[in-house]
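Please find the structures below.
In what comes next, chain A is part of two complexes: it sits with chain B in the first one and with chain C in the second one.
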Partner chain A sequence: MNKPAPEAAPARAPTDWKTEAMQKRIRRRYARERRFKLFGMLAVILSAAFLAFLLFTMVTNGWRGFTRTEIALPLDFPAMAMKIDPAQLSTPGANLALAGAELEDKVSNAALAAYGAQSVPLLSDAAWLKVREALKADPSLLHQKKLLWVPASTQVEQGLRGNDAAAAPLAKKLYDAGKLHTGFNAGFFSESDSTDPVAVGIWGAFKGSLLTMAVTFLIAFPIGVLSAIYLEEYAPKNRWTDLIEVSINNLAAVPSIIFGLLGLAVFLGSWSLFGMRVGPLLPRSAALVGGVTLALMIMPVIVIASRNAIKGVPPSIRDAALGIGASRIQVVFHHVLPLAMPGILTGTIIGMARALGETAPLLLIGMRAFIVTPPGGFTDPATVLPVQIFLWSDEVSRGFVEKTSAAILVLLVFLLAMNGLAIYLRNKFETRW
Partner chain B sequence: MNPLALLFLIAGLGLIGWLTGRARAQRIDRGGAKRLHSLPSQHGWYVATWAVLPALLFVAVWASLSPSLVRDAVLEHPAAKQLPQFEFERDALLAEAKRVAEDPDAKAFDPLAAELAPATRAAENRYNWMGSAVAILLAFAGGLFAWSRIRAQLKARSQVERIVMLLLLVASLIAILTTLGIFLSLLWESLRFFEQVPITDFLFGTHWSPQVIEASNPGKSLGAVPLFWGTFFIGAVIAMLVAIPFGLMSAIYLTQYAAPRVRAWMKPTLEMLAGVPTVVYGYFAALTVAPAVRDLAVHLGMPFASSESALAAGLVMGVMIIPFVSSMADDSIAAVPTAMRDGSLAMGATHSETISRVLLPAALPGVVAGVLLAVSRAIGETMIVVMAASGAANITLNPFESATTVTKQIVDLLTGEAEFDSPKTLAAFALGLTLFVITLLLNIVALRVVKKYREAYE
Partner chain C sequence: MTDAHPAPHKMSARGVSVSYGDKQAIRDVSIDVDMDHVTAFIGPSGCGKSTFLRTLNRMNDTIPSARVTGEITLDGEDIYSSDMDVVQLRARVGMVFQKPNPFPKSIYENVAYGPRIHGLAASKGALDGIVEQSLRRAGLWDEVKDRLNDSGTALSGGQQQRLCIARAIAVDPEVILMDEPCSALDPIATAKIEELIHELKGRYAIVIVTHNMQQAARVSQKTAFFHLGQLVEYGDTDNIFTAPRQERTKDYITGRYG
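Moving on to the complex of A and B:
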């Protein structure tokens, strides 16, 4: 092929495209072309269909997690004869006093009196808590008879939804008698974990996520941006800089679970240093250690995005600033950094979205506890939304399937919003030089 | 003092330092005898840096030292003599005493912890006040020192800039520290593991059952070959059988065939697949895909098929990787010079012939590198296999049977209740080290492939 033919080849007759054989060959090639294109289209469509199917499954399973079935419970407070002073109900000790007055038992007795003994429990574990809150809100109730709507048990709720055959007839009967109604489940956004699927909420995990993200941002953003500035603007080209570059690129590809092992060994382990026992550096299960671990994980993402953004600022800006007497630090902090900020922020938001959806490293550093009270600060035991989803996914009852999918929907909405914001920022502030 | 309050106080002192420093420089400037070397605000920064930096450094050191100082002080207490000698129990009791000391509502379950609580509280208070006092003193002293040095010739700007430069360098060193931290901590714990279990047993043993470990011969049930096989089978075979054709074909379709509007919509849609959290994929795999796969297996005549099959986890993992392969392929196809494509089309080749005989061979290094990176991501993926794969370690070629992976076992080993030094816990670190080394090698090879073959057309 490489050498030209030494002697003139015998003149070739021009191809006759009209012969039967040629036509057949062309048809075959075009058919292959169409098949190839079809495969490509199928690949795209099937991938998108998988995404659609996933979302569809989550929505069909999850939308009912945002609703709650309540049962009408007639309560005759004077007949309960609780030894309690109405004035006590507006004091901080009210919870203790009401628990001491056996409110929980009295509420279940009221259900027994109203509906008789049934084969399945009627009230949710959280029902008496709702009565408690009602009493605290209005202490005068103690002297009244009152009909309260309280959360029904998960069996009744699922019976009404046709998922629990044993409870279905009872639920149907109650519903037809107007004793049940289903409404928006505000508790899902204000409660925390519980053993009863009717009573669970995502607020505790969500607050844990917020605290963790705050720590992650406060650590990863400054460090990421500063090291990007150093590498892009000041670093001399030598071995050290190469080493830093290689580490950052490798860190970006290290599996997330390895960061969990790092957190476990470095932040939660203890070792002896010069004869003194040091550590654990950070409290276990807390938002602080989770945030630091995730910060180390997303820092490379921020560094790489920031470097690209800084690289995009044209050198003429730097030259102009230097020309009118700015120092090298001023050039960067007064001119380059503000111009690169949209790109940096886009990368940071994408990194934060990744941290928000991350589960595996947090499992290893103990953020998988059963958290009933929302964390009050950075050092309290906490869990985060994805870990909460993981914990609920282990529960087999139908009620938890609904709640898990509902929590997934909330998480997806947040991630979508963050990614949308990143795209918006990129489009709005993107400058072509 | 509350750490947050202390930080605010130090920041406040820094602000005061900034204001007074700037004011002093302005006064000198208005005096007019000499021109200032630096702007007044730069003098302000100079004072603020001196006030804040030493104090913050001290707080950081103190925060890591004081827990062990408190511990030593508590151990001096006469009641501490009764503490059990066994370290694990002793730490638990001390932690309980600490919790009781810090939280007035908490009740101690152990009388000894209750007895130690006041001592713990006293020691904590003492060291806390000591640390806060020294930090504030340092802030004052630093600020005063800098403030007293302000004069017209002071090169405040150069000094502040030197510190900023140092800060930048330190920030970029954190990446190296993290890499070193990962490597050393994994290596350290793994070495402790290999003291108890011979490395050959771990790397070449074919029996994995950490639930029953013989104390005399722990290596017998800690052979990791089934895990390596499961990881390879799920992550590098099944997942890639999904991800490579789908990722490659969708990249080709979107870059070569699709109308610009279709591309503008479908590319972000496919990228959404990469943005879905892995826990969601895991839940989907366990809830929907795994039962479907089992039904299929039963239909195919395997009545005892596992509901935690390798196939279910691998399929979902493959879908998760699609956008990754697709964007790598997209990039490397786009990097092929247009002249080659145009030349091929001008010779009369169809689009598909151009793609499969010209573009793909030219883009192959990039595609191969992308696939290697995708494999590295797949074998490090955790949540999907934790939720959808089984814990039973089998060496099998049947995708409908259960298989387990390295990442799944790390999570299982570390989330049970076990003491820190047992071979069971340490095995997780040895697995982690193996995973880290393999993903690192894959990445290095991928980068090499790209570097070596890409320059041909540039």
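Moving on to the complex of A and C:
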């Protein structure tokens, strides 16, 4: 209390807030603030511009992928003289019977008869398939003459769109004669890969993605969340848990292709164990092995996000529950987990979105195969949307450029839906304090 | 209680020391806690009074580096023995914390949670009864009876703390530990809690940690003065405040340090 007073400082002149120097300093301060705001705005505008450019390119390239040009094809079924019994058409053997009756050739001949020999093919490879489906749907057609609209060849389609100079005059002529029309391509959503861009669809890849995501989620979510709970709530804090934490953080940054190699070596490789040949553990090219590989890849992301969410639950809530005699597991499942759930779900969905967009590891485990039939289950050969996009982008035909962009749009919509779901879940389960 | 022999103590600590890693937090504390009494722990910040309080229901177990030696008994049973179930112990020795910490759930759920996990209510009606009785004892029933489904976190600070007391009462404890229950509250809310402590003391053994000496004098019958991790003096509150035997106690209560 009675310490000696410190050495008296020299009397301080009152601050004059109106001097030139002071005013200048204030002006500089405001200028700095304006500059910072300007830079921030520029950064936002720049990123928005890139996004807009991406979307614009995709939409302008891709919207035509959702349309298909069809050509009028007069078919005289009695004149084709197909050796086939109409009753056979409603049996499972119908496809085989029609192929045996050389339907494909007969459809080509019908086009030749209707339009004469042309320098470019008129019909899509899939045109006869449409005739086949029409016959199966209505076997009485076998005794009729009928005009069917079938998919036109990619050359004619691109000629009509002004992308194929060689086919353009013919396409123009046919269009003016009313023999061509372009409409919504429902087949793009219900069919799978094909060699003919007119006939391709994304259903197979989409279904493959869904199956793969299901496997990924079912493996990565429970294991990731339980690991996070164990590490946060139960594990002792020592050198080993530090090591595990560092390893998990590093795993989250490992390039995805490494996980592909891991999946290839562990799940698809075979090795000798005590003199016995073991493996491959999982079928090649299937949604199962893809899902497991992607689960390994996103598990660290889920663990990290979940740990942060669990850490964010105030300790006072744990104390409160422990203080009235809740056991550790009751504390975790009744209090900590519900409060951490929004964060866990957000992290999981971000991880799932990453897995959905992943291509490289799946190439290594054989999911880049040319898959014409949609996978029927987890062990069937499958491909996924981004790999399908990658495969189509390799094709030279102009028709595939449109299909690539269209598939990208579908993938983007899928991703946006997932992120929307993440935001919805976060808001729904968020606790306001 | 009016027996010629003194009633056995509800809780007794003998030679209790606590260390966090290398750091000794409290050293060789022996103290008794009785039914029908409010026991106050006073002392300057960092003297170990809260640490000691947390040994009484083994809340220190949650801190990995904490090590407790000595003996603490509840009704003669060693609470650190391997036979003692810590979950049951904490139900019998409830705790109210410094900062009101209701669960982010409804008022009803806050109070009903404890009875539910311990299976204390046989039916929904019995649970309703426990909730009402606990809220009444905590002096909160009239304020919240029409909004039991509102969030517990929407109440005012003082109401939240009384909700936490109701939550502790709901599991029918024998001892209630209060760790500076009024330090985050305004004077009016503090007065209400002190009044509540008076009403509760007949039913439960209450131990309260406070750094407010007036509060200790107002609410307690026994006071323990802690300093630098040691129990300096323990006795009837009246004696501690009027005729402390130790110089350090006298210095503290007359405001020489702290």
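Quick note on the criterion: the second predicted complex is superposed on the first by the 381 of 433 C-alpha atoms of A that agree within 3 Å, B and C clash if a C-alpha of one lies under 4 Å from a C-alpha of the other, contacts with A are read in each partner's own complex, and residues count from 1 in each chain.
By definition in this document, a residue touches a chain if its C-beta (ideal position, glycine included) is under 8 Å from a C-beta of that chain, and two chains touch if they have at least 3 such contacts.
This structure is a prediction, so every number in the text was calculated from the model and none was measured.
S.K.: Are chain B and chain C a fit on chain A, or do they clash, once the structures share the same frame?
M.R.: Chain B/chain C on chain A - fit side by side.
S.K.: With both structures placed on chain A, which of the two partners, chain B or chain C, ends up touching more residues of chain A?
M.R.: If we count touched residues of chain A for both partners, the winner is B.
S.K.: Kindly classify A:Leu112 by the partners it touches after superposition: chain B alone (first), chain C alone (second), both, or neither?
M.R.: Neither chain B nor chain C is touched by A:Leu112.
S.K.: Taking the superposition on A as described, I'd like to know which of chain B and chain C A:Pro222 touches: first, second, both or neither.
M.R.: Once the two structures are laid over each other on A, A:Pro222 reaches chain B alone.
S.K.: In the overlay, answer first, second, both or neither for which of chain B and chain C A:Phe39 touches.
M.R.: First partner only, chain B.
S.K.: Figure out whether A:Ser327 sits in contact with chain B (first) or chain C (second), or with both, or with neither.
M.R.: both
S.K.: Answer with first, second, both or neither: which of chain B and chain C does A:Ala177 touch in the superposed model?
M.R.: The answer is neither, since A:Ala177 touches no partner chain.
S.K.: Which partner does A:Ala166 reach: the first (chain B), the second (chain C), both, or neither?
M.R.: neither
S.K.: After superposition on the shared chain, which partner residues are touched by A:Leu339: those of chain B (first), chain C (second), both, or neither?
M.R.: second
S.K.: What is the minimum C-alpha distance, in Å, between chain B and chain C after the two complexes are superposed on chain A?
M.R.: 8
S.K.: Quick check on my understanding: which residues of chain A belong to both its chain B contact set and its chain C contact set?
M.R.: 327
S.K.: Tell me, which parts of chain A touch chain C in their complex?
M.R.: 236-237, 314, 316-327, 330, 334-335, 339, 431-433
S.K.: Mind pulling up the chain B residues that touch chain A in the complex?
M.R.: Touch residues, chain B against chain A: 64-65, 67-68, 71, 157, 161, 164-165, 167-169, 171-176, 178-179, 181-182, 185-186, 188-189, 245-250, 252-254, 256-258, 266, 268-270, 272-273, 275-284, 286-288, 319, 322, 350-353, 355-356, 373, 376-377, 379-383, 386-387, 407, 410-411, 414-415, 420, 428-429, 432, 435-436, 439-440, 443, 447.
S.K.: Of all residues in chain C, which touch chain A in the complex?
M.R.: 57, 59, 62, 64, 87-91, 94-97, 99, 101-104, 113-114, 117-118, 153, 164, 167-168, 170-171
S.K.: For chain A, which residues count as touching chain B in their complex?
M.R.: By the definition above, chain A touches chain B via 29-30, 32-33, 35-37, 39-44, 46-48, 50-51, 54, 57-58, 61, 222-223, 226-227, 229-231, 234-235, 243-244, 247-251, 253-259, 261-262, 264-266, 269, 276-281, 296, 299-300, 303, 327-329, 353, 356-360, 363-364, 368, 386-387, 389-390, 393, 401, 404-405, 408, 411-412, 415-416, 419, 423.
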